[in-house]
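The following pair of complexes shares a single chain, chain A, combined with chain B in the former and chain C in the latter.
Now for the complex of A and B:
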């Protein structure tokens, strides 16, 4: 394999793909980047930690097509340390050489035969699968809203993921750790005629959200038997980056039946003010103590931790319903409140024990359901 | 060619390969059989047969998939093995449960091969139960064990149990000769190995193992006084330490490789710590193995003396020591003390597995052997 390219193109690709290199690699070869020069003038750089696969391509002058596996971190650092300008990369028997004008580095390559087949590449080949297209920023926001509610308890694997429900024109994301549930729906182009559900590991989705924020306009999403593939930015083919994720297998709980159809008690309040108050008062809700909310014509938030102290604060609010006291874990409450996009949030509650709903005023696309804490 | 080529063909393995070829594959298997009966190779062949695309259900043994599975380099075939005395619950929680709930990376099927499954801590066995009972459709678990009584009943009852027989001695002899051992060496190694192909291979072809056995076989003839016991114990311990030192060298290379691949910057500490932890467990394990070999070798000698005395000369294991064995058999030691000597060796091995201090355990065993079976006052004939 041998090619010449701009250092910046190579560096950008290496840095993108390297994000999928895990420090906990189970196979030694996964600490490497797979660099592949094809006859059509593209160089692709890929890496995977098996959960997440990231690949991107750029144009280069290819002298000899081929594939090589380079040690990821080291190659990345070498590429960065080369000056701006043209660089050349070539591979010998068991070595890779990278050089620019005056400097040259040679490093040991990793065994190419040991590198796993990357299923994201079969995407074009077999053509099967469900395709949708969605705005990158909308998806990034949606991920930001739900990923945090996924569970970190490894004993129930399905809850460590985010449920994706695809149907014609619509995508719904849901995540729950059984204390709270976040549901977000968004419009998409395309989609299957029949509802299709997959569960994606939450960890990889944070990486996806980060890649999306880097400025892509739309995301082509393909759902296949064993994986989902996101194509980000760039014109079709050249410069397109892809991220692939495996699924979590299993049955996600039927979350829709958990969401109450509506409560008679409804409080509307400025979002920023509410978050600030809960944060301040929450300082005195230690050792798993909750913050109490007294719902009425105004909202009083209070907290008390024995042997530590107590605090309370009042926020202006609009309220419809019976006076009510309901208590929450302050962190969980603000996790939901902080990802609501509207300026005013609505808190709906049945009584002190039923799950409460937090959503944006006039926003039907995002729902945050939160279990109250029982207080005496 | 097929992935089953390297597996000694018996009724059990034929049944397994047929079952896999039929496509109706149980989700959980338990392969039992004495060590060296080919359980691991069978499990690997099963994984390849389940995933080969050239010859689905059979395994061509030649394609990239089969080769990577054979080299333990396939992302969907997971190998879990004790790296110390036990398989801790964390290893099951981190390496099995999350992976078992993921869709396969590239293969049709995920396969988990759990070696020496009886070394799973009871917590680990319990943690595995749910996965074992209701695995995803595309998941196969293969547990391997030579001590099934140490597995929880609840584990056994969830698996299709297959027993593999030890490989017959003449098969091992043929194999070793094919791999370059001399006729005599092959016979001796096969006999000493007790049907364990890997052990036979080491005894015939691995220089370090051969040198070690040479040291061990001389011990019974040297044990005359308590002083000899301490000397012998010290030599055995030194041998184990040497083996550990050798291994440390290859570990250093592995650490350097990792540093080369990951760099030594922030965020790599967890990977380096994990490797260091694994290395430490490996060393401990290796030391146990060498000490265990010593005791096994001693026990087999005393057993041979008993066999020879009672007309079982054809069954002796230490073929190259028959003159000594006959001399001992004609000596004054009672059967009872020879039996006790064998038992003492077995006990010492068990103590080591329970984390006894190696030096103390070895010295205690040797002193006891001097008391029970002091070497006859005759010149060694070798």
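Now for the complex of A and C:
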């Protein structure tokens, strides 16, 4: 295998694909990147941990098509260190060589036969799955709103994922770590005639959101067997990037029944002002202490940490309901508040022990449900 | 230069009906009325009763329903731990203004060594009355025992209640101590008292007269030596100022190695249960749970998990340590020692991050509170998780040391 290209193109591709390399690779070969030069002038770079697969391609001058597996991290650092300009990459005799005009590196390649078939390529071999198409920026926003509510506790794997409910014309994303629940629905083109539910690992979706925010224009989504594949069209259409993710097996909690309705206490407040106040007052909510919110014709936010200090601040608000005190983890509260898109947010509450609802004024597409902190 | 020896340097200060007294300070109109503090929900228990309420037979750890029957006209209030912690801090400030050697036993009880303070503040008895006065200025009554050592000081405050000041002079220890029943000896519960009675030992004085060897043979070496000392008014424990506790826990070495997972988990439950009780006793909660395991080859490992919010009950501590243990996945466990502890401590009951689809949790906490109250009243073994009720004959090989 031999090709020449711009260092920046190679570096970008290597950095993208390397995100799929797990720090805890189960097989040594999975710490590698697969670089494949095709006869049609494309070089593709891919990596997988068998759950998450990331692949992207760029145009290059191909002298000799072929495939090589390079040690991922080292190759990335070598590429970066070469400096801007043209580089050439070639392989032979279980080695790979990368060089610019003045210097070159030669490192051992990993055994290509040990490298597993990429899950996304297994998929391509057989028939069609469910296809949907959605605006890249709309999906990026939706992911940003939901993914951070997924759990990081590996002992309940299902909750480390995001539920995708696909139906004709609509996609609903939901994630919960049992303290809060984020639900976002958005319009899509295509989709299955019958509701299809899959749970996708939050890690892959964070990578997807990041890739989409880098300026993708469209994203093509295919669901097949136990795999979802996102084809991300770049701005210039140079080469499609692909992110593939396996599903998490298991039953996602029935989240709809958790969302209360008919709360009579409802507070409407400027979003920026609220977030700022919670952040400021939250400085005095250390050691896991909550911020207390006194809901009334104005909103008073206070916090107290024994042996440290206390703070309080008042924000103008519109309030319908009985005066009420409810306490929240400040971080969880602002996680939800900061991803609301409307200028004004609505906080609905039953009492100090029931889940509160945070949503944008006049926005029915995003709901953030947050359990309060019980204070004595 | 050696400071002049003080014969009775140890004070034990015990607040009278602390929670109820704090409530009276908060609302002075309650003064002189029967005030009962505790869980008001269905199975709540009394945590504190004013002396006016005690006249009706109400006492702490009593089910609230019983208190209701005995004293229907009392003023019933829910626990307000924030205030109790606040007042506890204020009385601690009083104590530390007289001596740096203050050892807090709980929110409402402390030992103070004033041996080095006599030049500044007068005799221990003078200091005791000044402390009483300063604490009374906060609106709170207390009883102070003054004695040559911790054991006698604590006995003295118990005898001096309420609102008293009782001194046990170094040369009057015997007169004070010897007429007391054997239960007054620290470490003597119902079982040991029965053994002593069978030997014809009814009072502390009786225990003091028999030889240490006889006592050791009757109740075991270490307890025997300990009781022999106490009965003669000897207690060498120092007043150790509290470092803020970094962790609270319990561990146990087993006489023979544990190798059965079921037994191991049961011991872990026992330790979790004890740890939870100690946490609540100290009015603390914590976020990090640690399991310690020493294998038969003395290799010792610890595994920790930090919870999203503070916990203080056995069920949650157990769930975490059980998980930590099972994750070790020992193929052929041979365990010499197990320990459970909780760190990242914070004062007060946990500020509980509630869970969506939460059901059983709230009742766990009420149950835990009730368990503590019953243990306080009837002793450690009175309530125990059902799985700890081993079959008669039990596989358990070691008692805690």
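Simple rule for what comes next: the second predicted complex is superposed on the first by the 351 of 376 C-alpha atoms of A that agree within 3 Å, B and C clash if a C-alpha of one lies under 4 Å from a C-alpha of the other, contacts with A are read in each partner's own complex, and residues count from 1 in each chain.
Everything that follows uses one rule, which is that contacts are C-beta pairs under 8 Å (C-beta built on N, C-alpha and C of every residue); 3 or more make two chains touch, one makes a residue touch a chain.
Not measured: the values here are computed from a predicted model.
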item	value
Which superposed partner A:183 touches (first chain B, second chain C, both, neither)	neither
Comparing the two partners chain B and chain C, which touches a greater set of residues in chain A	B
Partner chain in contact with A:54 - chain B first, chain C second, else both or neither	neither
Which of chain B and chain C A:174 touches, first, second, both or neither	neither
Contacts of A:72 with chain B and chain C, given as first, second, both or neither	first
Which of chain B and chain C A:355 touches, first, second, both or neither	second
Which superposed partner A:23 touches (first chain B, second chain C, both, neither)	first
Chain B/chain C common contact set on chain A	155
Interface residues, chain B side, partner chain A - complex	64, 67-68, 71, 73-75, 78, 93-95, 97-98, 101-106, 136, 138, 257-258, 260-263, 265, 267-268, 270-271, 274
Partner chain C, residues of chain A touching it in the complex	155, 176, 178-181, 253, 258, 287-290, 306, 327, 329, 332, 353, 355, 369, 371-376
List of chain C residues in touch with chain A within their complex	79-82, 85, 287, 308-310, 323, 346-349, 351-358
Chain A to chain B touching residues, read off their complex	23-29, 31-32, 48, 50-51, 71-74, 77, 107-108, 110, 113-114, 116-119, 154-155, 157-158, 160, 201, 225-227, 246-250
